[in-house]
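The two complexes that follow have chain A in common; it is paired with chain B in the first and with chain C in the second.
After this line comes the complex of A and B, so read on.
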């Protein structure tokens, strides 16, 4: 039935509470995009957890071996890829050999393979050494039973390598036990660290079952609160969390630790100077540095919208009473 | 920043990203198409990876053996691995009303293995945290703030002791919230329980904050891919 009743006028409070969703999405898209075109360097004070991660990695002697659980895929590229890249840069510059495995997702080994090649190529362009698959690192691949695999890693590491093949690019599959990286490795304790780069609960599975080797985690932002309790309890030697963790590592790689300079990063926990790699990639242009300003813009919008929504609610309540 | 991607793959990635983001406007066929495409690709990839990287190398090759080639050593086949096949297949009898009892055998094995690990897993995960809760709340020096330069190692400064006290009070209040969930008459316990609830809310707020930050990071990365990797570097060949 047609009616000529005028539409009730919305009060200011109601209007403030009913912004169109599409306008908010548009504002968000625009706000996160602008800083990508006009990179700015935000001041940064690395947190203790990231400093520990950096210092522990930098203290490793050349030729050491580390075990990496690469439990992330492109779905968390925004955080995990920056973490993996920062980790690989340190590893390659320190000439550390590494073994990669995954218990999280069948896509993870390929994502790790691509990232390693990308970082290796960038290192070569910057005057570094190319990291050769199978010789400098070996990828064990995907293991579907995370709990069982982690227990096996702790109790009999070589049992998980038995029969496994690496699939280096443009080469036939190779038995991982033939890789020079695994020569001399008898137990997981032969690795200096187990580093878990993860976007899932694989970090907890590892934490519960692998005890024979010191651990460090690189986790997504959502996992930081839980993982921080393990770091605070001394179960982890270092922790890199979210985009902030990536930016911390990039800052430390640039400025070093306890190295005098205009942007000196200090830590009372470490008395020694741990120089970084000034002038080397990402040279202030890594994923952490690029994404951090956009993240601030997005958070600014979020806070603004929360304030406006609450203001609208207060005004509406006042009017109703 | 470009690596090993030709423009075609970048374009497909960009179109798929935009297609998936169209859900923000409303449900549409473009979104549905890319959603199904993504699911199909992920499932196909998983199937091949599980065969190639797990079943073939850890079961099939060990069962049938392999001759030496391309630097790989010869492997003697071991027939007993065939016994794993019926055990695995029993899992699929869950779909049959008549034979689904058989599915309980492999499930029981998995549950048994998992349960056996749980005791030590729990201890390894939580005991360090519990012992880490035992913090000193008595300062060992009269200085309140820890100096930036050369603090005395081993000394507990006033500010640190205060931090520890806040930590312990929080732990006790949160525990009392869960322990005294029934009607309590003691005012102290009631207030402790209420404080615990507030502390939990603050904690959940922090977790929500980090969750939002993570989601934003994923959006930023997609925007970086479209604007910088695809348009700026891929289409316009700018650095």
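After this line comes the complex of A and C, so read on.
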């Protein structure tokens, strides 16, 4: 039965607690998108875990070899691609050879291949050296059983290379065992580091099974708390987490560590100067620098709406009592 | 440089890539596997159960022994075992790589099983014109297109004449490479990223509605989360840090230092406790599956 009762007026507290979803979504969309079109440079203080990652990589002598588990796809490219690019820039400038494999997703090898090619092209444009498949790096592909493969990597690394082919330039696909990258490699211990770039639990799968080589992880933001457990215990030599980690690495590549300057980055843990690559790509315009303001504004909005919601709750409680 | 120095010696269990010998061996292995699969399906339950229990137990036993039995340390290629115990240790160590290959093959078949299942469900829906059959048609067409272009690209790259494709840019690319690039990088990868980015909207909405200081515990959690989030905001951290910079004591109140303290002294120990509990639970579940005591989720 219809009545003529007026609609009850919402109190301020109730109004503050009942913003429509669409308004929240629109606010987030606008705040996250604007910084992508109008870049702003935000101040940054790299954290200890990122500094460790940078310092360990920069200390590697030229010609060293590292093993990379590229366990990410474009679903997390906002974080993982920036991490991979920052890692590859250091690797290419230090002339480090590397082997890539994945245990997470069948798409990962192709995504890694594309990213390596893109960074190599950018390095050439900046006056660096092109990284050639097979000669400078080898991609072993996807291994569906991560647990067994990780155990095999630790136990008998070359067994996972058996029968694998890669695509060298200007010659047919060849057995990876013939690649200069794998010459002299008998065990996983012959690599300086195992670096896991991941957006899944492949990090723990590796950590539990691969013990013969020092490890460093590049993980997404949501994985940072769980991964910090291992970093704090000293099981990881360095950790790059989320967009903040990418921005940290880019800042360090630009400013160096303990190098005097207007934006000097210092660390009590490292007494020596570890210069970066000033003026080289991404030259303050990497994925970290570009996405960090978006993260910044998204966090600002998150904090704001949480405060507004709680304020509304307090006002409603006061009115009710 | 001896480029073939590390190629594994030829045995019955391997064969050169793309050789007829390898293809024949793969076919024989596949035929044996399919025969075993259907044989097991046709067998009565009282025969099938012991076979499954034994297979599960033996498979699990290998890794239990592998992890618990002492492994050779710093073993050199020409090392020989000095007694039966060392012989067994060497055998276990050598076998693991083979077992890893087998598990990779089994896991790859699981992907095949998933594809078969998808095809069966969606082809059935399409043929019977059931509700939302259009989505099934899109899925099947997309799957087919990706397979065709992916395989076309793969076949072309095997040809030595097309080796320039491995370089940068679009050098030497043909219709197949552009098609695959459009489908993989142009569509799939972007849809993948777009799908994942939607999570941010749900997080914001959920935090607004649920993150309330309704109790002391919730308030502590809220304040802690706010400090950690603020520490990730470079601008806030920079100005806050500048305002408390100077004395050693006040340095402790920098946002990054407070967040680091929370991480090291509260978050990490709590996570270790949770991980420890999860580990024990996993061990119990693993034992139940290994000993075939776990009945749920199976054929029963």
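Note that the second predicted complex is superposed on the first by the 311 of 321 C-alpha atoms of A that agree within 3 Å, B and C clash if a C-alpha of one lies under 4 Å from a C-alpha of the other, contacts with A are read in each partner's own complex, and residues count from 1 in each chain.
Throughout what follows, a residue touches a chain if its C-beta (ideal position, glycine included) is under 8 Å from a C-beta of that chain, and two chains touch if they have at least 3 such contacts.
Note that this is a predicted model, so its numbers are computed, not measured.
Asks: On chain A, do chain B and chain C fit together or clash when superposed?
Replies: Aligned on chain A, chain B and chain C clash with each other.
Asks: Using the touch definition from the top, say if A:79 reaches chain B (first), chain C (second), both or neither.
Replies: In the superposed model, A:79 contacts chain B only, not chain C.
Asks: For A:149, decide between first (touching chain B), second (touching chain C), both and neither.
Replies: In the superposed model, A:149 contacts chain C only, not chain B.
Asks: Between chain B and chain C, whom does A:232 touch in the aligned arrangement: first, second, both, or neither?
Replies: A:232 sits against chain B and chain C alike.
Asks: Counting only touches as set out at the top, which of chain B and chain C does A:270 meet: first, second, both, neither?
Replies: After superposition on chain A, A:270 lies in contact with neither partner.
Asks: With both complexes overlaid on chain A, does A:109 touch chain B (first), chain C (second), both or neither?
Replies: In the superposition, A:109 touches chain B alone.
Asks: Quick check for you: in the superposed arrangement, does A:211 touch first (chain B), second (chain C), both or neither?
Replies: A:211 sits against chain B, while chain C stays out of touch.
Asks: More residues of chain A in touch with chain C or with chain B?
Replies: Between chain B and chain C, the winner on chain A residue contacts is C.
Asks: After the superposition on A, what does A:47 contact: first (chain B), second (chain C), both or neither?
Replies: In the superposition, A:47 contacts chain C only.
Asks: For A:133 in the superposed arrangement: first (chain B), second (chain C), both or neither?
Replies: So A:133 only meets chain C here.
Asks: Residue overlap on chain A between the chain B contact set and the chain C contact set?
Replies: Correct list for chain A: 21, 25, 28, 32, 75-78, 106-107, 114, 117, 121, 143-144, 147-148, 151, 163, 165, 172-173, 175, 178, 225, 229, 232, 295, 298-299, 302.
Asks: Mind listing the chain A positions that touch chain C in their complex?
Replies: Spelled out, the residues of chain A in touch with chain C are 19, 21, 24-25, 28, 32, 42-45, 47-48, 73-78, 106-107, 110-111, 114, 117, 120-121, 124, 130, 133, 143-145, 147-149, 151-152, 155-156, 158-163, 165, 167-173, 175, 177-178, 180, 182-183, 185-186, 225-226, 228-229, 232, 244, 247, 292, 295-296, 298-303, 305-306, 308-310, 313.
Asks: Which of the residues in chain A come into contact with chain B in the complex?
Replies: Going by the criterion above, the answer is residues 21-22, 25, 28-29, 32-33, 36-37, 75-79, 81, 105-107, 109, 114, 117-118, 121, 141-144, 147-148, 151, 163-165, 172-175, 178, 204, 207-209, 211, 220-222, 224-225, 229-230, 232-235, 242-243, 266, 268, 287, 290-291, 294-295, 298-299, 302.
Asks: List the residues on chain B that touch chain A in their complex, please.
Replies: 3-4, 24-25, 42, 45-46, 49-50, 53-54, 57-58, 61-62, 69-73, 75, 113-114, 117, 120-122, 124-125, 128-129, 131-132, 148, 151, 203, 206-207, 210-214, 216-224, 227-228
Asks: Can you list the residues on chain C that touch chain A in the complex?
Replies: 1-8, 14, 17, 63, 66, 71, 77, 93-94, 96-101, 103-104, 106-108, 110-111, 157-160, 163-169, 184-185, 188-190, 192-193, 195-197, 200-201, 203-205, 207-209, 211-214, 222, 226, 229-230, 232-235, 237-238, 241, 256, 260, 263-264, 267-268, 271-272, 275
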